[in-house]
Amino acid sequence: MKQPPVPLLVEGRRADGRAPDQMRDVRISVGVISNADGSAMVSYGNTTAVAAVYGPREMHPRHLSLPDKAVMRVRYHMAPFSTKDERKNPAPSRREIEISKVLREALEPAIFLEQFPRSRIDVFVEIVQADGSTRVASLTAASLALADAGVPMRDLVIGVSVGLVNGVVVLDLNGLEDNYGEGDMPVGYMPNLGRITLLQLDGAWSRDRFAEAVKLAVKGAEYVYGKAREALKAKYFEIAEEVAK
Amino acid sequence: MASISPYGKRFISYIRQSQIRRLVGSGVRIDGRTPHQLRDVSIRTNVVNTADGSAEALLGKTRVVAGVKVGLGQPFPDTPDEGVLIVNAEILPHASPYSEIGPPDETAIELARVVDRGIRHSGFVDFKKLAIDQNKVYVLWVDLYVLNDDGNLVDAANLAALAALRSTMLPSAVKDEAGVKLDRNNKTALPSDLSKAPIAVSIGKIDSRIIVDPNLEEELSLDGRITITIAQDSIVSMQKTAGYFTEQELWQAVDLAYSIRDKLRDVLLKSLV
Amino acid sequence: MKQPPVPLLVEGRRADGRAPDQMRDVRISVGVISNADGSAMVSYGNTTAVAAVYGPREMHPRHLSLPDKAVMRVRYHMAPFSTKDERKNPAPSRREIEISKVLREALEPAIFLEQFPRSRIDVFVEIVQADGSTRVASLTAASLALADAGVPMRDLVIGVSVGLVNGVVVLDLNGLEDNYGEGDMPVGYMPNLGRITLLQLDGAWSRDRFAEAVKLAVKGAEYVYGKAREALKAKYFEIAEEVAK
Amino acid sequence: MASISPYGKRFISYIRQSQIRRLVGSGVRIDGRTPHQLRDVSIRTNVVNTADGSAEALLGKTRVVAGVKVGLGQPFPDTPDEGVLIVNAEILPHASPYSEIGPPDETAIELARVVDRGIRHSGFVDFKKLAIDQNKVYVLWVDLYVLNDDGNLVDAANLAALAALRSTMLPSAVKDEAGVKLDRNNKTALPSDLSKAPIAVSIGKIDSRIIVDPNLEEELSLDGRITITIAQDSIVSMQKTAGYFTEQELWQAVDLAYSIRDKLRDVLLKSLV
Amino acid sequence: MKQPPVPLLVEGRRADGRAPDQMRDVRISVGVISNADGSAMVSYGNTTAVAAVYGPREMHPRHLSLPDKAVMRVRYHMAPFSTKDERKNPAPSRREIEISKVLREALEPAIFLEQFPRSRIDVFVEIVQADGSTRVASLTAASLALADAGVPMRDLVIGVSVGLVNGVVVLDLNGLEDNYGEGDMPVGYMPNLGRITLLQLDGAWSRDRFAEAVKLAVKGAEYVYGKAREALKAKYFEIAEEVAK
Amino acid sequence: MASISPYGKRFISYIRQSQIRRLVGSGVRIDGRTPHQLRDVSIRTNVVNTADGSAEALLGKTRVVAGVKVGLGQPFPDTPDEGVLIVNAEILPHASPYSEIGPPDETAIELARVVDRGIRHSGFVDFKKLAIDQNKVYVLWVDLYVLNDDGNLVDAANLAALAALRSTMLPSAVKDEAGVKLDRNNKTALPSDLSKAPIAVSIGKIDSRIIVDPNLEEELSLDGRITITIAQDSIVSMQKTAGYFTEQELWQAVDLAYSIRDKLRDVLLKSLV
């Protein structure tokens, strides 16, 4: 077992001072990239994801389009300067390719793809700063960018991570906890429909700890959902004000 | 190079899909199975004599060969006293009309990484015993080769990987002035603990019905799919790959996975006698 | 000259006990991959090739199709665990690319490609175990997979290798003989039409030795052809039995 | 892999283009600016806390983030006593409907190389102070990230790069038996000389009218475009990127560049207070 | 500052004996590649570029073609044996990709692309020997190959380089001057229209030195243009003679 | 990356093909040659002064430049006391309307490998004399550059390679504390033995007529094509590249190759005086 540089949990408090069931500071802004059809920037503490959506738009080459629905394409990528220590090679890693797939499959159940046959919807997410929980911050950002683009959705999909640290189930892993904890479980959740669309896990979890983790993830997602709604409303009011001018 | 998801595409006709879904709703499946029934499973070890370990797993018509090659390398910086595991998957163009030529696509990469995580977190292989000295450790290359894809690649590939590792003979490491070399004329069994074998169980959902071991056509008709990997009493890996699950459905899937795990483990153990 | 670890030829017997004009054990099965339109597995001793055929099927992208015949595509590839000693890098090597071309040009003369304009026929061969003569085992496997797929053919193309070992012409080189022998000549032969469709050679061969080698290759191909016909028949009977059930 | 020029393509309607050109002919621009007027410029440093130095530059709606990572490496053979600068640019697929996924295309490569040449020939960074010993030098990785492309990427990216370098904290180099390592807990400012900052100024031409800081639509309507980079009193880099210039027009462009340089330098200096 | 192995300038003479405003020996031949629609080989001293043109021809894939004009594609590449010392890796470098773009944008203003909607014109330039000024020799060669192909042009585009050596502005840098000089300015010039279509610069140039450099470049381009016209005429007479036979 | 065969495609009209075939049937060829007549052959050495050795071969309108660069490297494990030969071929996009940009395709790779095998098995270069010490040997990079493809690239490229190697001057290897370096101011001739020069001869077949040195249009009309490489009295390499041969036709091809070999060897020898 790797030894963390500082204790991860002391008297119920995590290294950054949080309680086990506490999110880091969540900051969300919508409409941050003017050229995109939709965009959002989401930070969970020091982790920041920027998402942009283009589409629905024409699919090239044609033979890759689908006759009955839109093809959704998702790319998750980390900036070379987003990681601590060494520069990350910008070529997409196997990890980034897997996460792109997992994010796509977390978003697809939320989109009415069948309304846009033969077209494509592109979702691009870039991690600008990484301090744990990058894929779930990406999911929230992607989901808000889709909403911002006006793509018809069944619900938002909110991402949060849950982890196992010194035997305790904690919400929203930071980089330190991700590296030295005993388990990691990223979750994507539709708060209104109660559907889990992203679920990964590693480590060693008893059935009970797992059940506890799912409950905590749902609670965390509901909290972030509140922030996400505020951000969408803020964008809406901004537009309304501009129109009113 | 391209990292965007998805690549390629698979089709099923709307009529066939409806039939599959209707059947499951009435408690039977397109190939005659009951919802919680596995297809025929079989595992054979030592199927490739150029490999240091190998096995073939058949799950119905799905067929995966795993080959292990042992090499030498440097440890990862954060685990300086452990050997290295590298899992790679190739879905051969042989495997289905949908398979394409080229470097592993997102499906193959996910397959490799899910199998990798199960092994890594289970304690099945004793990586501590794979360190040779300060800078040199054994590297276990596990190549998962999908020859025929009739669905549920993960469960089959995982069984093949476990059996291949269990059959792996480790060449001895010989040190001289020029450095460390492998001697393949002198081998010992790879240290592994069968009681910790991580078993991957994939569960599908149609409406709110839960099924196990979906075949290819079923995979294209599901509302949700998840792989749950269990070692001893713990869940060591999960991967939701399609659609969604409610909390309720998730508990059902986990409970079912534990019972299917027992069946697959028995097949594995028998194949290794 | 590299020294072999064991003598290659002692009193007319090769290191594995064979006579110069003797094939290793030949094992053939047809229809081994259920999804494929045709498939075959061929072993010459410890060398094993698995071939699958898909097609004739639609060609994408369209502008690569031909108006008067099918395009045949062939891929020869070695599994990373198929070689002795080190793991082989799975990226296709220059050698594998050359062999893919040579196999395609060995198969094309056997296929009525003109019956399928604008379509393509894909032939994939994977070497699962390599112990010499992989390209010729691949050729036999590909040829049987095409027959199994019902692709109209002028004749089967059978592959065998001939080599020069201690000055003696021998049939069906194994890995040891391939590494330490003085010459290698893979041959593809149509047994009914008497046509040579694959011929490569390296080493240093007098005209006479070369003539001897061709004769031996033809003899070897005829032997393997017998085995190939048996395997096709076995598949046919199997189907007939299934139908009869 | 492909090195052939061009990749991709951008469009503007003929009607829109005519409108833009007509307007410039009458001394105004599509976004209301005068010919020699810059869009709003702003620069913020330390925007990425995982980087060793970072900055964001906004030029109208064009938005570029520059991140600096410090590494260790070998010097180039012809400058054995100097540190190494590597500039890389990514035009994110976020940046516009024309952006594609993949390794940097010709536009991104040119962007990186033009910014690189300005820095390299200006003396802005003191590369001599980046040598550690015989074989080891600091490597400055500057990644230019275009988040939104509304034209004139070079001027914006160049400002972001300068501000990011100016904000860069150099980890100390620690030597032990195992070699040299970086200690990121112990940092000093990167040695740079603001008075030598190379400022890139891009000039456009429609008919024989000269404009500064073209936006994206204007870029697609120009008869000529050139970037002139000035440090102290010297021109340190030029790059004609579209169309043509007569000698006459070139002198005009150079004179204009000197005066715009002063404005951009002021913005840079203010942002670094 | 790097020290040159020999002085670059002694009493107004350069290391190879030239005056500051003197080109190296310029050798041009047109029509050197029989398969191409147009071709030219241009040498400035020991720098040699070979250009070939194919087109206007059909554009594949179609969706990359333009409805109102031809797409021009340009590739600049250096042969692995074209450099002094080590073999150059044949994979295209970032430098080669940038130069391909710069050359394309230097040629486009000279071509009536709008006469060939939906088609493409391909220009390939290979550096066979490199001794400085490769991109400008390439530009002259490409321009002559286009003329040889009969592509309608507003003017030829002639490339020459100017540099700063020991504070003196010199014409047509060789490899030594390129490596050890204080500045480099490649120029592309249309001699009849007086238009500059390629202009790059690095080093540290005062406004006056820059002005001087542009004048010298124009003078150099006019000299090379004379040679280029001779070469085109020579080709024309050759054809005329052949026709007369 | 893609390794599947074929790439690209070449065309000839049915009418032109019929004409070519009919002519050969009557003993003449489309360009006026007799069946066993070579096109004009010429070879020039030292055509590229930046290379360590170079030559150009013309075979009719087919034109190939070979450039040799000498480097340093490690020997192959199975030949620790020999230098290394690496042959690479590029069919430039200049060479024909069919040539594409990108890494060498299957045709270029085969071309390089066939030339390589002939040289390797002939004894033409004395690789034993290219070992420097235990770990360092000379590496001969031979780059075959096809400038114009009018058919029969192998025979032309092979002649260019031989002449370029024969003209190669080997930089001396200088050892100091830092290791081994090449000194290009101090060169000696590459040790080679002209009497062992491997000559590649390509033979075509239309119906059962055998022709030599097919041009591009003929290549697209053949029923069989084979390259036979002969050194001294031995066949050192063969490669059937298109169609088929009966045993009978093969003997004919081999006999013809021996006689054509003599002619090509004479041209080579004359060019090297």
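Note that the chains take the letters A, B, C, D, E and F in the order they are written out, and that residue 1 is the start of every chain.
In the analysis below, a contact is a pair of C-beta atoms (placed from the backbone, for glycine too) under 8 Å apart; a residue touches a chain by one contact, two chains touch by 3 or more.
Just so you know, these numbers come straight off a predicted model, no measurement behind them.
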{"item": "Pair joined by the larger number of C-beta contacts - B-C, D-E", "value": "D-E"}
{"item": "Chain separated most widely from subunit B, comparing mean CA positions", "value": "E"}
{"item": "Selected from B-C, D-E or A-B, interface repeating E-F by over half of its contact pairs", "value": "B-C"}
{"item": "Interchain centroid distance [CA atoms averaged], subunit B/subunit D, Å", "value": "47"}
{"item": "CA centroid of subunit C to CA centroid of subunit F, Å", "value": "27"}
{"item": "Rounded Å distance between subunit A and subunit D, as computed from the means of their C-alpha atoms", "value": "31"}
{"item": "Distance between the centres, which are taken as Cα means, of subunit C and subunit A, whole angstrom", "value": "51"}
{"item": "Subunit C: positions in contact with at least two other chains", "value": "61, 75, 91"}
{"item": "For subunit B, residues contacting two or more additional chains", "value": "1-4, 101, 103"}
{"item": "Complex interface listing, subunit D residues touching subunit A", "value": "48-51, 54, 61, 63, 65, 67-69, 71, 88, 90, 92-97, 101, 103, 141, 143, 145, 147-150, 184"}
{"item": "Subunit B-facing residues of subunit A, complex", "value": "2, 64, 66, 68, 71, 73-77, 91-92, 94-98, 100-106, 109, 179, 185, 190, 194-207, 210-211, 214, 218"}
{"item": "Residues of subunit A touching subunit C in the complex", "value": "61, 63"}
{"item": "Partner subunit D, residues of subunit A touching it in the complex", "value": "33-36, 39, 46, 50-52, 54, 57, 75, 79-87, 90-91, 122, 124, 126, 128-131"}
{"item": "Touching residues on subunit F, where the partner in the complex is subunit C", "value": "1-6, 9, 14, 78-79, 106-107, 109-110, 112-113, 117, 120-122, 226, 231, 233-247, 250-251, 254, 258"}
